[in-house]
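Heads up, the next two complexes both have subunit A, just with different partners, subunit B and then subunit C.
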Partner chain A sequence: MRGLGKYLYQSESIVKLLKRFGFLLMMLFVTAQSFALDAQQRFPKPEFATGYAQPATTSPSPRFLLLEYLDIFVLLAALSVVTWFVLKKRSRKGVFWTSVFSLLYFGFYREGCICSIGAIQNMVLGVVDNTYKIPLTAFVFFLLPLVFSLFFGRTFCAGVCPLGAIQDIIVIKPIELPKWLQKVLGLIPYLYLGLAVLFVATKSEFIICRYDPFVGLFRFDAPFHMMMLGILFLATGLFVARPYCRFFCPYGVLLGWMSRFSSNHMTITPAACIQCKLCANSCPFGAINEPVVETGKRHSNVNRMITYFILLPLWTGIGGLAGSMVHVPLSHYNKTVYLAEQLIEHPELKDDQKNIDIRTFLTSGKTTTQLIAEADAIRHQFYIGGWLLGGFMGFVIGTGLIRLSAFRRRDDWETDKTNCLSCARCMEFCPVKRDEDGKITINER
Partner chain B sequence: MSTDNLPKKMDRRRLIKNGMQLTLGLSLVSIAGWSAFKSTSDRLVWQLDPFKCVQCGRCAKECVMTPSAVKCVHAFNLCGYCDLCGGYLKPDPNARTTAAENQLCPTAAIKRKYIEDPYFEYEIDEALCIGCAKCVAGCTSFGNGSLHLQVRHDRCKNCNECAIARVCPAEAFQRVPISSPYLIKGGFTKGKNG
Partner chain C sequence: MNDKIKLAGRVAIFAAGFAALIAVLLIANYVQSRLNDPIENKTIPALVKRLNASPEDETLKSEIRAFDLIARKAYFTTKWQIRTGTYLMFLSLIISILAVRYLLSVRSKLSEIDPAREEKGLDLLIAQKWVIYSGSGLIIIALVSGLLSYNSLKEYMVNEKMSAAAGEIENPAIQPNRQAGQVEANLDPVQPNAKVEADSTTVQSNTKVEVPGQPATKDSASAKAATVSAPGLPTKAQLRANFPFFRGSDGTGVAFQKKTPVDWNGADGKNIRWKVKIPKPGYSSPIIWANQIFVTGADAQSRMVYCYDRNTGKLLWEASADKIEGSPAAVPKVTTDTGLAAPTMATDGRAVFALFATGDLLALDMTGKRLWARNLGLPDNHYGHSSSLIIYKDKLLVQYDTNRTGKLLAFDSQSGKPSWETLRNSKISWSSPVLVNTGSRMELILTTNPNVSSYNPETGKELWKIACLSGEVGPSAGYADGMVFAANEYAKLVGITAGDSPQIAWESDEFLPEVSSPLAINGLLYIATSYGVFACYDAKAGTKLWSEEYGDSFYSSPIYADGKVYLTNTAGKTYIVKATKDYQLVGTPELGEKSVCSPVFMDGMAYLRGVNQLFCIGSK
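This part shows the complex of A and B:
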């Protein structure tokens, strides 16, 4: 009986041990052979005569999982609050203080990670990598601002995004860029978005995270060049308001698509526009459209638009071709492709004792043929991706042209819903006011 | 163009807008539905597999933190408590003493403690360790390999993509569930595998 009990006890503890170190044990079995060869227990652990107590190997825990859920809660709360300030209270002050809070919480306290912009990459990785499970936080951070945007416009940009907030509070003396320049620079986010997706889809890297210009400022710690980039963005941001948001942010593209068709987007005026033009220059981001009447002959305008429509596939095709042509240089940024290329072009590097990557590869047991086959497969992905990315850019440019030529009658001063960041600045300039009980007054000046 | 077909035009515009909103809404819903299958409520954190690590030294340089969030840890169970420690002393030490010029560690982060003749305990002062893997290389090639690197989660920012993972030549970095965030060497005790 006692024997059985002991046996049970032992097997139970073995099960426990297995559970605890199951993974490690497995790994040890797998590596046991190679391990036995080069790093076996050369010097057995001694039996100590003096009652020596061996210290434990510590393993400090990561941030508590519940706190991750707190992040989700704070995101939802901040989004709700700022939307309420924009749409119901029409209060710039409220928006401002929400953005200060978000900057402190998501920026300086959470140190800029996780953020919605970077979460794009987790979503894409979830698509291309079957073994990857998207963390709940990443998924919610990706989706929630888009949902809000689809109904209320980009209130996320107004007061929740820490990257937006750090740029917004330093908008001191915004200058207006020429419209054409804004349009051209406005193409960069599409390219950035496309590249980010391409690099994740080929399992190369997360470029949005790597080149996040502000995360170093949030952490007071970054490589020198990234710190400089952050400072450069902020310095530019003194004059060109929120440059990252308008001319780089890949998530802004998605938010813009949603916001464009949003049903309850904020309006400059709470009632009817009285055409006073006071708001005309109030938007630091150039996101206010003036009234337009049709110029030129309607017939020729329509014709031009039809031509652009017909040309759309052509733009897409040209773009795709161009994209496919740059797939080789693009693929250099994948480390497998780069390594294979180095080995083919500079075989002498095999003897270079200092080249860590090649040394490691040579000792890894993988053959050069295997490596080249892998690199070829990845390069092929870049080829397909190049077509898609280029086609996408061509399509974006084509539709941009259609939109430019499409005539849209506009009677009042209105926000450009795609690019409006819902910051609520323009509302302050509008002399039409609505008070608590919904009464409309017009401030005469 | 007469003004009385204006409302009709507005109606059409509204219709397109509502249709687009619905389409976008539905696509968000389907993304949400799909992600619900793909997502995990367990969070993932970065960890490096000490058996893959080749001690290249990039852990010290590439981490977004200075000093690196990767530190050397000691699996005491694997240690031989040697006097002549391959991880502690330079290959060709002048004398077997604690003098700084004899130590392999550039920051003197390894504390050597006399236990009993002829055994010494080696413990890492993580505040000093920069994760350069010099001692790991020494211990792995001359000793038992009980010194090894780990991402320390009290310091790691858990970047969306670990900056070291991107450049690790041995592809030693992987995402592991937060519930088992370490890959600490262990399992060898005296007598086994000896």
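This part shows the complex of A and C:
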């Protein structure tokens, strides 16, 4: 027993850890298989008359309003508590246990819905569709974490988001990814955000919800591929801390923007940095900036940045063009477009009794030409959206390059406000402590 | 503290071990469920097959039910085991992970990350390069995928516009404001037909006619003398003595012939008097006048009318719908289950009329000589035009509902001159017109999305309409005793009291036809669905009297003849039931080939078109 504990603490070999956690992966894989079996088509109807009267189809009642308010209250309370732990108590332990609570409540009890990440889509739909009334919970879940981020940094990510919590709990042996890889992967959330907005604006799909890798784990029910995706994220998360949060989460983009301007963001040290460098390797998210002095020739650095500034409109324009070009493949994911194309290319599908989409279309009373005209209009929306999405991505790449080329002198070890998840790990490393009386002490490590 | 660490370690190990055990059990369960998948169980289908051979075998039914119950129990038990096992495994894993985390926290171990080995001065430059590579890669992928993609919608819409423009140009003759003189100029010159057997026009009809529920009338008596060379307009009795339109002399599915056959087998030739292969494919049903039986067939090369000797099956003549002004150079794209020759022909004994999916309308005399021909404009129809023709007095009536517009057209049957045209505020349909006598007047009933409409067949004036249908309407209307019946799959079945103020008397949505038309007779209403259900309703009240699920689809329409209802499924099996309130199956003869056509009757014989052959059925 003691040997295991010792091993867990002291082993530095990823390979050995992999072996040790192999059984975990196996079990998760089996789970995915099990869910896949569970999710297959319902048992077919008997082929003879049984005399059994099918009960009338009923719709589930909406969630009790008071419970929706409870969700809002819990969100506000969890945000407040975790912010208090981060900013006042500077307690990693407090942040951790708050995230465990959030995982249990927002994850397993509320089954991942409602969540702030998905609420982006409700907001966009509310903007583009005046017949859609944004639910109060969706509105608050979207707005409140952003407001907190604007003032206190991404404390939502630290201890309230269940998707973050489930990944954070399993961070066992994190490694630091190369800077270039972090920057490249860091483009994905912008693309994901853009696509999510595009698909909602065209009323095609809530892709954030559909491809939420963890909601299947929360609900113990998901298609096989989604379960595998969740498992892959968790398996990766053993070594690459919170991969979804850092390299996929579209809401993280918005939180990052807010957090960048936060006035009360957490600091690594409660007082002046003593340059001990102990926090250097504490952040599994690569969100601690080292002190920097300008390297290379200043003239060439400035020239490079000016070039990037000049190229910014070019990136945006070419990005827009590329986005507009890809509107046809993208629009395949719209059900109306897909159905219309299917009917054009395979008209005999109208007789396919098992094709629910075809049956639904026939029930609607529309003609095929009407359907195709609708699909064509939607595809045009994708064309416009493609320009905007591509332009946005080009702009993100262009400004990313400018940021990478910009020199900003830094004397101390500081958190990167945009990417810092306020998990408070670095605080544990910092030997500078403030006791309850406000007295600053420096611990020997 | 050491006790806590020990406890946490033990909990972690025990929970992990328990999770591993559950995982093994789940694997075993998974393998077992895959090997013995109850859904793939072959026992039940085998038993069901046996039951189909002997449908009254109660023991077999009980056996199937027992097997089915076992299979269901096995399936749902497996589901329960998987779900419960998964919950347990997850719970164990969570406990294990939390215990490990607790161990970490109580030992206050600070876990440092493994840093990437980078030269700090260069990492930003490298990152810039990779961002440029990645951004460029994204753009290239987007551009290439855009270039390689194919926009079928755009092509379709362009074709639609071109087709619409072409239709406007090709179809000037049926514009409402067109002058008569101009119409004349548009008529195709009469084409002599090379393959004509003049003798076929002189055969006398000996058909016995009896109107169901009515004594024989003077008209019916005079029908005995019905001939193909009738100089004037045919009488009602003459029409009833023959089978001149789709679904009989009114288009309502009622045949007035007696002693219709109930037993045949196309495969072994039982009661098959003759059968003949039709050269070109088509889904139009046959029509009969005297000793001639007519069908159409078409492919991309040509559109043909075939006339056979009703008694021998000999091809008397054939005529091609070619050299018609305005006819499209290329045939329209149609689906294989509709084809180019879906509309059933019509005849008044003086001429026969055929319509094809190209919009070509052809009039031939009874010897196959072309009287006139015209193109109605390429119908914008994504499956293919299928509405059949019907004749009222001297007018050939055409329901021409396309994606662009809905029209009811009337042509002088002898000259082909447009008599009138009524624009309809309707969507595309595939149904056919039905002629009914409501007691006070003749009405032409049309079904489409969303209306069931009635028109004066003489003038084309709309008499009434009632919105009750939706979707792509294929079934035509049924009619009996002052009530119109209309239905469509995914819409509803309605009974409408006809008149100037039509009312929906009742409606139902239990069984709805997709293609097959309702049949109303003797106070009963028959519905056949594309999912194989044949149902009978009380026509007045709309209450279901019985329903039978046969399996194969019904595309053909039920036809009433001699106290029985004939309904052929797509496999070619005809279900013959007595036209009574209770279900009485008379027979289930098989054609031996697939069929979507409705049977027609004459002289104690039935004629049924299969996908390849035309069959004459009757005792030899």
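Here, the second predicted complex is superposed on the first by the 363 of 445 C-alpha atoms of A that agree within 3 Å, B and C clash if a C-alpha of one lies under 4 Å from a C-alpha of the other, contacts with A are read in each partner's own complex, and residues count from 1 in each chain.
Convention: contacts are C-beta pairs under 8 Å (C-beta built on N, C-alpha and C of every residue); 3 or more make two chains touch, one makes a residue touch a chain.
All values derive from a computational prediction rather than experimental measurement.
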#### Entry: Touching partner for A:Lys350 - first (subunit B), second (subunit C), both, neither
second
### Message
A:Val326 in the overlay: touching subunit B, subunit C, both, or neither? Say first, second, both or neither.
### Response
second
### Query
Now for A:Ala375: first (subunit B), second (subunit C), both, or neither, which partner does it touch?
second
#### Entry: First, second, both or neither for A:Pro270, with subunit B first and subunit C second
neither
### Query
Counting only touches as set out at the top, which of subunit B and subunit C does A:Gly317 meet: first, second, both, neither?
neither
### Task
Go through the superposed model and pick first if A:Pro431 touches only subunit B, second if only subunit C, both, or neither.
neither
### Task
Decide which partner touches more residues of subunit A, taking subunit B and subunit C as the two options.
C
### Message
According to the stated criteria, A:Phe220 is in contact with first (subunit B), second (subunit C), both, or neither; which is it?
### Response
second
### Query
Given the touch rule stated above, what does A:Phe139 touch, subunit B (first), subunit C (second), both, or neither?
first
#### Entry: On subunit A, the residue positions that both subunit B and subunit C contact, one per complex
23-24, 27, 31, 35, 38, 40-41, 43-44, 46-50, 359, 363-364
#### Entry: Complex contacts: residues of subunit C adjacent to subunit A
5-6, 8-10, 12-13, 16, 19-20, 22-23, 26-27, 29-30, 33-34, 38-39, 44, 48, 51, 61, 64-65, 68, 72, 75-76, 78-79, 82-83, 85-87, 89-90, 93, 97-98, 100-101, 103-105, 107, 109-116, 118, 120-121, 123-124, 126-132, 134-135, 138-140, 142-143, 145-147, 149-154, 156-157, 160, 333, 335-337, 380, 382-383, 403, 427-428, 449-450, 470-472, 489-491, 530-531, 549
### Message
Which residues of subunit A touch subunit C once you look at their complex with the stated criterion?
### Response
1-2, 4-5, 8-9, 12, 14, 23-24, 26-27, 30-31, 33-35, 37-38, 40-41, 43-44, 46-50, 93, 96, 100, 169-170, 172-184, 187, 191, 217, 220, 241, 280-284, 290, 295-296, 304, 315, 318-319, 321-329, 337, 340-341, 343-345, 347-348, 350-351, 353, 359, 362-369, 372-373, 375-376, 379, 390, 393-394, 397, 400-401, 404-405, 428-429
## Note on the structure
Residue set of subunit A touching subunit B in the complex reads 21, 23-25, 27-28, 31-32, 35-36, 38-50, 52, 54-63, 65, 68, 111, 113-114, 118-119, 121-123, 126, 132-139, 143, 146-147, 150, 205-206, 209-210, 215, 219, 221-223, 257-258, 260-263, 298, 335, 356-357, 359-361, 363-364
## Note on the structure
Counting only contacts in the complex, subunit B reaches subunit A at residues 1, 17-18, 20-21, 24-25, 28, 31-32, 35, 38-45, 49, 51, 54, 56-58, 64-66, 73-82, 115-116, 119, 121, 123, 140-141, 143-145, 150, 152-154, 156-161, 163, 166-167, 169-170, 175, 178, 180-194
